[in-house]
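Here it is, the structure, as structure tokens.
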Amino acid sequence: MATSASPQKSPVDRELAGRSVMTTDPHQLRAAAGFRRSGLVAVISKILLLGLFDAFSLSLIFAMAGLHLWVPLIATIVITLLINWIYLGKSKRLPGKYLTPGVVFLLVFQIFVVFFSGYIAFTNYGDGHNSTKADAIGAITVAAQKRVPDSPTYAVAILQKDGKFFFLVTDPAGKVSVGSSTDPLTAASNPQRDGTGQANGLAGYDTLTLDQVLAAQEAITAIAVPLTANPADGTLRTDDASSAYLYTSDLSYDRRADTFTNGSGVVYRDDGKGEFATADGTKKLSPGWKIDVGFENFAKAFTNPQLSGPLLRVAIWTFVFALASVALTFALGLFLALVLNHPTLRGKKIYRVLVVLPYAFPVYLSGLVWAGLLNPQFGFVNQVLFGGAQIPWLTAPLLAQFSVILVNVWLGYPYMFLVCTGALQSLPEELNEAARVDGASPWRALRSIKLPLLLVSIAPLLIASFAFNFNNFNVIYMLTRGWPRFSDTTFDIGSTDLLITMVYKVAFGSGGARDYGLASALSIVIFLLIATISVIAFRRTKALEDIN
Amino acid sequence: MTTHTEIPIVPIVPDADRPRHYAKRPFRLSRWVRDAGWRHLIAIIAVIFAVFPLLYVVSASLNPAGSLVGSNQLFATINFANYFALFTNPEQPYALWFVNSLVISLITSLATVFLGAMAAYAFSRMRFLGRRIGLLALILIQMFPQFLAVVALFLLLSAIGEVVPALGLGTQLGLIFVYLGGALGVNTYLMYGFFSTVPISIDEAAKIDGASHAQIFFGIILRLVAPILAVVGLLSFIATTGEYVLASIMLTDPTRQTLAVGLYSFVSQAFSNNWSIFAAGAVLAAIPVMIVFLLLQKYIVGGLTAGSVK
Amino acid sequence: MKVTRTARIATATLLVAGLTSAALTGCSGATPGTTGSSTLTLWTDALRAPALKSVSAQFKKDTGVTIKLVIKDFATVDKDFISQVPTGKGPDIIVSPHDKLGAYVQNGVVAPIQLGDSASKYAKVAIQAVTYNGNVYGLPYSIENIAMVRNTALAPTAAKTFDDVIASGKAAVASGTAKYPFLLGLDPKQGDPYHLYPLQTSFGSSVFAQKSDGSYDGSKLTLGDPAGVKFATALKTWGAEGILNPNITADIAATSFAKGESPYFISGPWNIGAIKKAGVKYAIDPLPTAGPDAAKPFLGVNAFFLSAKSKNKVAATKFLVNYLGTDAVQEKLYEVGDRAPALTSAFNTIAATNSDVQAFGKVGLNGVPMPSIPQMASVWADWGSAELALIKGEGDPATVWNAAVVNVQAKIKG
């Protein structure tokens, strides 16, 4: 290794110098000295950043250990070690040094979503199957508690003895009794009473203060004091620790058999589908709970008549919509970028800002405005531009498709304009000059020289934009909801529905019951479709080929 | 050893110098029409197309009793009451939302540019196992339907909040982190394409001068690709400012909310939507985007030209 | 050489890491634990939050429990509630319209509350609306419904039947004083079953059958009965006559009425403010009947619901029953939301001085709660699009209507 550095120098300097080559050019020496100075800063900041990161990881690890989160803990250790290995390592790990920060965020916040969706596709998660079985049993039990009709309101105070809670109950007649979850109510002798005659203390028990009640509220609301030794007479419960009511339950849960039985002896069992149902399956208890269902959602996706019926038409329109959106937004964006990319054009700064404005307003607001502009009778487009004609922009099938694309172009071209404006800067100015010298028309120069070069860097964005528009839920839902409806199917699907809005309608019941499992399975199917198309497109455009 | 004597660190010919060369010519209408006139015409048409629907928003914002699209009489009343109302209701602290949005969007866009540029540099300059797959994966992941993103991120953030409260639900930092999950992606491609147009000979020359990879990246490459950094920064800024779904899940305290979330609270009532105030808020919210774009324009066009690098 | 350098950098890194984490632990050790002090989280919308401020402060003073008001987007709050409660991270209390109750119960995210004797202090229909399967789940605070708003300059007397409305409206148009005989906000892309429901019920048609206790029976869809088809036929006639116009959106209808362009407008209290501001002289009349029965508007009841997973049930119940169920709070909620209070005494106080509230309340006496059963979610889309098709004159009324009913039935079956 060629080095001009003396051994006394700091390791950092030596390292930097080691990379340098011997030179006598003064200009180059100056530059090398500059690199050396900033190199020291680099090493120090690296130490600081990595140190801070390690400290952060360390505190994470301790916190996780405290919470017994072992899997995330191990993941954190592995990632931390990996990152240290990358940043303390040699140049072979160089790509890692540049990729790691972004990839860590990507892994945590995006890949997680992907895996979560993938997992949900194999469950029945959705309305009615929202939580765990324990939660469902709890909810069913609570809902089954009915207040005994015309039973009185009991005033209650919470007492405590030997760590156990008691109700001190004053009935409307002024009779005072005491009881707990295990001890049915018995008459209390000589209670202390407050000004209104309500009992608030009993010898041998401590009366809970409000603060104590609030600190133990979960335990207190769980107390059910039997009215008598006969369970059929019901139990007293309180929600607010000041008044209690008499409840009986029309369902009882048998923990050992895992069944609910109602008053008339009907038994509800876990039917394996995440709910309690009678043996013949006709009656079910709500709510159910979340279980794994294997490929059931995917099977549903492929056999659902709502999907298979209009599928082909919707799929074709989805492609048309996505392709037209990309082509038109790109064409308009590029065209405007070229037009405004002229050195002597006065006011081009202002033009540029105004032209990107649609991008700066909330899509939701723009969508509503466009729906208003396209109103057949009162909209500006018909009233002013078409002299009062009643053109059904959003309600006739073909026109609605046209309008949806038009609005989407309005929403999307500023993005392409910005991207093209930026990308045009990478084209050497000499290209223009050369073309002009060769006598090529500006159009020719654009088409055969600039465009191909531009496409190299923009093609991936076009593919991404295609994928985005393929799933462009918002525009459709704001403008047409997918309507006008197809008249030949009975389903709520129409001529501007994209695959993704169709999935939404099928899985979320047109704004009603939401079946996340099905939605997830369907969207994974769509993802596989669009990903395949994209990969093929990438191959074809050679977008991944090296430019240099 | 090659005989590089020129160090192409600042070989910049500002585009701003160019117009003088044109301006010296005598003015002639025919040439003006051929050169610039038609451009003005197209630009004006484009501006009308772009701005016209937004005039409804501006008009509604100036009419306290107005609806959004109930009428085609634009600017029938001009009254700034809606704008005053934005700043006088302590329950809906517009000014605070504005600041929150600016801070969150600026941090997110700067970090996005930084993370994305680093990744793009690696993809463009280095050869490593999984490079092509990685590039492809970046874009494919973004195509994954986000139906369940809200539920998933809610669970994730509430779990993170248990361990690190500063990153949990309700924190702006947590929201920024979620946004940074998308820092690599389409933007990386945009930068990757641009990075690849910078000749690799520049790197090599600097390396010979003793520059480390970090110095080449921070000192040379980043400056040469400034236009695309500005574009990505702007795109990210706009996207973050307008982002609603994630922000509304993550930020529930009115004092921490962003503009997008706060503004919707004016119109998310059943029936009684306060469109005119919403419109006023949206008009003001567009201003930072315009300013940022104006500020960045000189970097996007004209600050550097790749052609002069050669 | 290299190795030493790497080792040194590694050591330095570790040192920084060690120092920082020591500092971090020091800091976290210094902050006192905040567990124990109880806080109630309440999800509300931006409009209502201010009205809850002072009562929250009072509650804090009385019990030491802090009420954290969290502003949520009204449009998605129900979905967030359903998905967040099971994680244990949801709120303790949510403000919500009652028609979401079915979905909440179906998902086990709300807990019943016991209003005890105070239940009788609320409008009966409000309690009915927050009752599901025999349990009361919410503390109602407001009732809203639509009525017939009449421009008294254009139509000096109230019309009893919809035919009268049409006749008087057409006369006003013919005389040149009005532009539209009648206004009702529709939408070119979806009908509006909510605003059309009074007309529909006046034919004797309804969505679901009601049980004896007033609750809806999700297994009995009554939309397709002969009365429903009669309504469908009428829709087509009105559409052809231009009485109902799908191009008149809610926005356009409100703007036009405020400009004095029509004598009649079926709408709710939410539009009265703008009408008043515009200086239109108006009266609030009972809804006109188009058939033999009474015109029953849907009633929307807004209520506070308690999360099934609340860890602060005692405090939450106290707050709901004893603090929110008071005249002062209910009147304050009226002031910010313009919806009539559900607490009868508060309603009477306001109605005594505000004739609009009284008039809307009177119309509401005829109303029926909007169904909160989960099956209702399957109805809206097909119901609305069938109405729209008929108003636009597409298809035979019986065929279109029955096709929609068949779709709804299929959706309910799942």
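Order of writing sets the chain letters: A, B and C. Residues in each chain are counted from 1.
Heads up, the rule we're going with is that contacts are C-beta pairs under 8 Å (C-beta built on N, C-alpha and C of every residue); 3 or more make two chains touch, one makes a residue touch a chain.
Everything quoted here is computed from the prediction, not taken from an experiment.
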item	value
Leader among chain pairs (count of C-beta contacts)	A-B
Farthest chain relative to chain A (centres taken as mean CA coordinates)	C
Chain B-chain C separation of Cα centroids, rounded to whole Å	37
Inter-centroid spacing, chain C versus chain A (mean Cα positions, whole Å)	26
Centre-of-Cα separation between chain B and chain A, whole angstrom	21
Contacts with two or more other chains, residues of chain A listed in rising order	59, 371-372, 375, 378
Contacts with 2+ other chains: residues of chain B	68-70, 151, 155, 264
Chain C: positions in contact with at least two other chains	83, 249, 251-252
Partner chain C, residues of chain A touching it in the complex	11-12, 14-15, 18, 43, 46-48, 50-56, 58-59, 62, 84, 88-90, 127-128, 130-132, 135-136, 138-140, 142-143, 145-147, 153, 210-211, 213-215, 217-218, 220-221, 238-243, 245, 286-287, 371-372, 375-378, 392, 394-395, 479-481, 483, 485, 490-492, 505, 509-514
In the complex, chain C residues that touch chain A	1-2, 4-6, 8-10, 12-21, 24-25, 28, 36, 38, 63-65, 79, 82-83, 85-86, 103, 105-109, 111-114, 116-117, 133-135, 188-190, 245, 247-249, 251-252, 308-309, 311-315, 317-318, 321-322, 374, 376-378, 380-382, 385, 392, 403, 406-407, 410-411, 414
Complex contact set, residues of chain B against chain C	65-71, 91-92, 150-151, 154-155, 158, 169, 248-249, 252-254, 257, 261, 264-266, 268-272, 275
Parts of chain B lying in touch with chain A, wherever the complex brings them together	1, 5, 7, 9, 15, 18-19, 22-23, 35-36, 39-40, 42-43, 46-47, 49-51, 53-54, 56-57, 68-70, 72, 114-116, 118-119, 121-122, 126, 128, 131-132, 134-136, 138-149, 151-153, 155-156, 159, 162-164, 177-178, 180-186, 188-190, 192-194, 196-197, 199-200, 207-215, 217, 219, 227-228, 230-231, 234-235, 238, 241-242, 244, 260, 263-264, 278-279, 282, 285-286, 289-290, 293-294, 297, 300-301, 304-308, 310
Touching residues on chain C, where the partner in the complex is chain B	43, 45-47, 49-50, 70-76, 80, 83-84, 87, 89, 97, 249-252, 254-256, 258, 268, 270-271, 274, 277-278, 300, 337-338
